[in-house]
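Below, each structure is written out as structure tokens.
What follows is chain A paired twice: with chain B in the first complex and chain C in the second.
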Partner chain A sequence: MNLEYTPILHVPALVPILAVGSAFALPLIHLVTKSRKVCEYFVVTITGIELVLTTIVLHLAYTSTKPIIYTFGAWPPPVGIVYEIDRFSALLGVLAAVLFFTAALYSTKYLEKDYGVEWYYTLLLGFEAGIVGCAYTGDIFNLFVMFEVLSISAYALVAFRKDVPEAVEGSLKYAIVGSVATTIYFIAITFIYGSFGTLNMADLAAKVRGLTFPVTGTALGNVHVATGIALALIVWAFSIEAALVPNHFWLPDAYVGAPVTFSAISSGAAVNISLYIIARYLYTILQGRDGPAAPTVEAVLIALVVMGCLSAIVGSVLMIVQKDINRLIAYSTIVNSGYIAIGLGIGTPLGIVAALFHMINHAVAKALLFFCAGNYVHVVGSRDLDDLAGVGKKMPLTTIGLVVGALALAGVPPLNCFMSKLILAQALFEANLTPLIAVIVFASVLSLMAYLKIIYNVYCRAPVKKLPEAREHPLMAYPVIAYAITCIVFGLLAPILVPTAIEPAVTDLLNTDNYIKAAMEIAEKLLR
Partner chain B sequence: MSMLEFTLLMYCYAALIAVLAISLYGLVRRPNILKKIICLSIFGDTANTLIIFLGFRTRNPIPPIVPTLTPTKSLMMEFTRRAVDPVPQCLVLTAIVINMAVLMFLIFLAIQIYRHYGTLDVRKVARLRG
Partner chain C sequence: MNLLMLILYVATSMVLASAIMYVVYRVVSRSERPSPEKTKVYACGEDYTPERASASDINLYTAVWRLSFRNLYKYIREKGHTGVLSDWFFWMYLFMIIALVVLYLVSVTLW
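Right, the complex of A and B next:
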């Protein structure tokens, strides 16, 4: 075997390791330098490097014909832990890295009144490691570990402002619900390991098909019963993390007291990752509704569509009645998570294209809205919409961003979310689920009313109390402008983006043959 | 496997699943935060026990160590039949560490809740509604 040493192939492993390593280094750096500035520069640099690294991984994934496999310690797939990165996961990795980079820039000014920021940045880097690790991994137990890294960082980030009672209360709710969810996923792993005798995703996919994989051979027990139980538990666990109704209740509470940077990343990346994991199980491992586990998958797909519709309706109805700006935008996350779930639940490639495109568009627009809300709340010092009355006139840049983000999320034509909703409607139409288009339109109209409520309050109303004369700091305005431009550009370029970026990613997700073959080639070297 | 062994094994599985159900019930119904945390801990530990059970061999289990450096085929057959599966133990080791981290975090949160609200009753800790 002629193996050339190519350093670039180690980049996939470097992404989470760099994040975790610098997360642990940060408290030490602060201990030595005792300087807030050093920590901020450090974190912005590291998240910038992460962005470059994930982009390299994206480039590798889009130029290669099969998924990239990174074997830790050169242990081949069924024996060791591997990263298996296809275009779908590489795309989500870059999305998360962009969110983290902007959030790190934004935090430098947003948290100027808080103390203990070194811990905040430590958790932020841990959160990044968890999210990217979840996206890249090709091993279901490594997925559990990375998801726990993500979750523990997220619980602690919610409680970062521990002097605010709402933050601690929201964090407690999130932590209890979230750790139940991860334990449920652990039990699902128990069932999978007990019947398949393996933890590797490619190996599982091969065993679902009845193929023999090197080292582990064929499945040990009754695959169909175990798949059914495990899939039910997995969907339960990750619908909690993805905030799908009826498992959504923790999300608005967690977002109220949390720093808005957390809310932006969580709704842009953590929710997406949970839905991505469900999609990976349904479409790559169990091979969709035409695969060997068709009855189970079919039932889960119906459940996803139902939960998605419920999320869209319940989220948009509750959104209108909110008085707290963070909570209002949090309900919007539930609505959009519902759209993505509907897209994944349709089960056709077009539905998944809609879901993936909406994941990206929603992440961009939602980060924009949260950053705008953060700008207002930072100046005024209150989250109540009545207290924010009139603040929009003093901060024109933020208000422009807010209007763009709100219109984008509501689905106004030239903007990005309109395009993904259009594809979603088309997918529903092709799958003979036309009545559900009414649900999407209904939820969009209701959420438009809720967004107009924010815009009316911050821009059109006269101030209720005297407002401070502060403007947004450039570092807090740049991310807003950048995201607003992205919203418009993604909307206008959608006819180019969808065939070049989204469709190859979805093809990779559905191409189980390639996914198994890439791992099997490496595994067969072990037997040689 | 004899009838007795099978019955015992099934009894253990049933007991574990019952404990899972009871701890979930306690987690949902008990108003006290500390009791919720205790239930969560029981829930996690039961899941760990469940996966340890999977790796167990009922008849004459041996540790998963090959006693020689040059194993023969018959020795390896005997080994795979009797040796305890080490993978679930590794999984549990990881899960225990993670559970500990979550548990510590939850206990710190409970302390902080008590400082803010003066109670650990979730019915009174309710500033967030809707």
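Right, the complex of A and C next:
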């Protein structure tokens, strides 16, 4: 074993382990200290460290020519669990860490009226471990485990305010639907394992090509039938967390009663991770429409485009008639998840660039909108748009953030989401799918009408009832300002960001050769 | 020219043009605030508060939209968005069955 081990090589493994370890430690810390402040400082510090660690991983991924491999216990792939991190997954890891850090900071004031926050923070850290673990793993069974960690934390986070009936109902519905999804994914894994004889992603990609991988050799059974059935189940299972029509029903109900911090993270990170997993299967393991499984992949790509279009239409049509601010923004997540699915379904590198860029832009803008909604609801105590009338004038910083976020999501140039939608339109045009641009425009127009409804109610209307004098606390205003600035900056810097950050990440996702080679080299070294 | 750069140029020129027009408007228009009499809501002599004068959420343009597509909303609500889990699962499993059949046939026949 001549591997050069340096401490920095352990950073990828440290990210989920630190989050899980801290999640277990937090209730004990609270038991000893009985202090809410200690819990808050602890979580903000841990999420801050997580942000630093994921940034180091991102730096390593962008400065390396091949994916970063971390072998747990130095077991060679495919025997042991392996983290295989390329630029695509590293980028999503940082994005998730940013969302968690800002959510932790925001929660310290947002949850000031709630009790039992130590459990909320425990679940938040578990949620982070699950999301980052899903992004980093190179093993489909470990992916299942991390997805369970993510899901279970998410169900409980939705029901954090257990005195609110909508929260409990939303959580139960989400838990039932989500459990079915994870079970179905588990069944898909059994099909894959039974025919390929491996759970390692690089090994699977090698076997799809008919290559021999160390230890497992070649595939065991009929990979054609198994791939077809497994892929159908995988797309079905992950389209639930991604809230793609017709698997979207749970999302508005779950977001209504949940803390807005959960909604912001779920919209920005959990939805992205689900779509990322579908992309990883389609483009890295099965190697897209140019790979050996081209007909099966082609059928899934068509399904993604159809589901994306339906999500954009159904989401925007329902969004416009909502009266509850959280529910309205929740439907917007379905719309934007649809745009990302369309980008992934086009199947060209430009389509995936559009999808990845929109994942990042949507995460930023959606977190901004949810935090703004949280600020209003925190002061007024109601989510009804009529009750929020006039509150925007009392909270100018939040209202500026709301306007920026709403315009960004509606696709107003030169804000960030417009840029990703423009690339998506360009990708559709180049793929001879020009009529589908009309779907994006239609959904964007309806979304704009819905966002204007919020702006009209909170800012243009006179208050219908006496509003409290309270304004947004700095800890609730800073994330709003930061995200609003990011929406503008990402839009203005799009011509630089796309070629330097997004395109290399997409190149890595599509570079199956490199993905297989990196794992194979490590396996051969460790077996020597 | 790069499409994204082009958009930035267009957007910048629009913002600049709007800013110039706004400055010109501020210079040309009278700076004093309108009298309270001018801003008072007038409804044929009736006493009308600003709260009553502004349209509520239900009466906003979305109401027109909702009425125009009443059948569409009725269909969407009654067929899927009922809030009942079994209704949701009908559509979800329908999609799963279609996906399974199509992908199985494609994998067996075309791959």
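To be clear about the criterion, the second predicted complex is superposed on the first by the 521 of 528 C-alpha atoms of A that agree within 3 Å, B and C clash if a C-alpha of one lies under 4 Å from a C-alpha of the other, contacts with A are read in each partner's own complex, and residues count from 1 in each chain.
Please note the rule applied: a residue touches a chain if its C-beta (ideal position, glycine included) is under 8 Å from a C-beta of that chain, and two chains touch if they have at least 3 such contacts.
This one's a predicted model, so the numbers in the text were calculated from it and none came from an experiment.
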item: Chain B versus chain C as contact partner of A:I189, first or second or both or neither; value: first
item: Contacts of A:G228 with chain B and chain C, given as first, second, both or neither; value: second
item: Partner chain in contact with A:G392 - chain B first, chain C second, else both or neither; value: neither
item: Which of chain B and chain C A:A299 touches, first, second, both or neither; value: second
item: Touching partner for A:G338 - first (chain B), second (chain C), both, neither; value: neither
item: Residues of chain A touched, compared between chain B and chain C (which is higher); value: C
item: Which superposed partner A:V321 touches (first chain B, second chain C, both, neither); value: both
item: First (chain B), second (chain C), both or neither touched by A:R461; value: second
item: Partner chain(s) touched by A:G351 [first = chain B, second = chain C, both, neither]; value: neither
item: First, second, both or neither for A:Y155, with chain B first and chain C second; value: first
item: Shared chain A contacts, counted only where both chain B and chain C touch the same residue; value: 173, 176, 180, 253, 318, 321
item: Touching residues on chain B, where the partner in the complex is chain A; value: 20, 24, 27, 33, 36-37, 40, 43-44, 47, 50-51, 54, 87-88, 91, 94-95, 98-99, 101-102, 105-106, 109-110, 112-113, 116-117, 125-128, 130
item: Chain C to chain A touching residues, read off their complex; value: 2-5, 7-8, 10-12, 49-51, 53-58, 60-62, 65-66, 69, 72-73, 76, 80-81, 83, 85, 88-89, 91-92, 94-96, 99-100, 102-104, 106-108, 110-111
item: Residue numbers on chain A that touch chain C, as the complex places them; value: 173, 176-177, 180, 184, 224-225, 227-229, 231-233, 235-236, 240, 246-247, 249-250, 253, 292-296, 298-300, 303, 314, 317-318, 320-321, 323, 385-386, 389, 413-414, 418-419, 422-423, 426, 449-450, 453, 456-457, 460-464, 492, 494-495, 498
item: Contact footprint of chain B on chain A as seen in their complex; value: 141, 144-145, 148, 152, 155-156, 159, 162, 165-166, 168-173, 175-176, 179-180, 182-183, 186-187, 189-190, 193-194, 199, 252-253, 256, 318, 321-322, 327
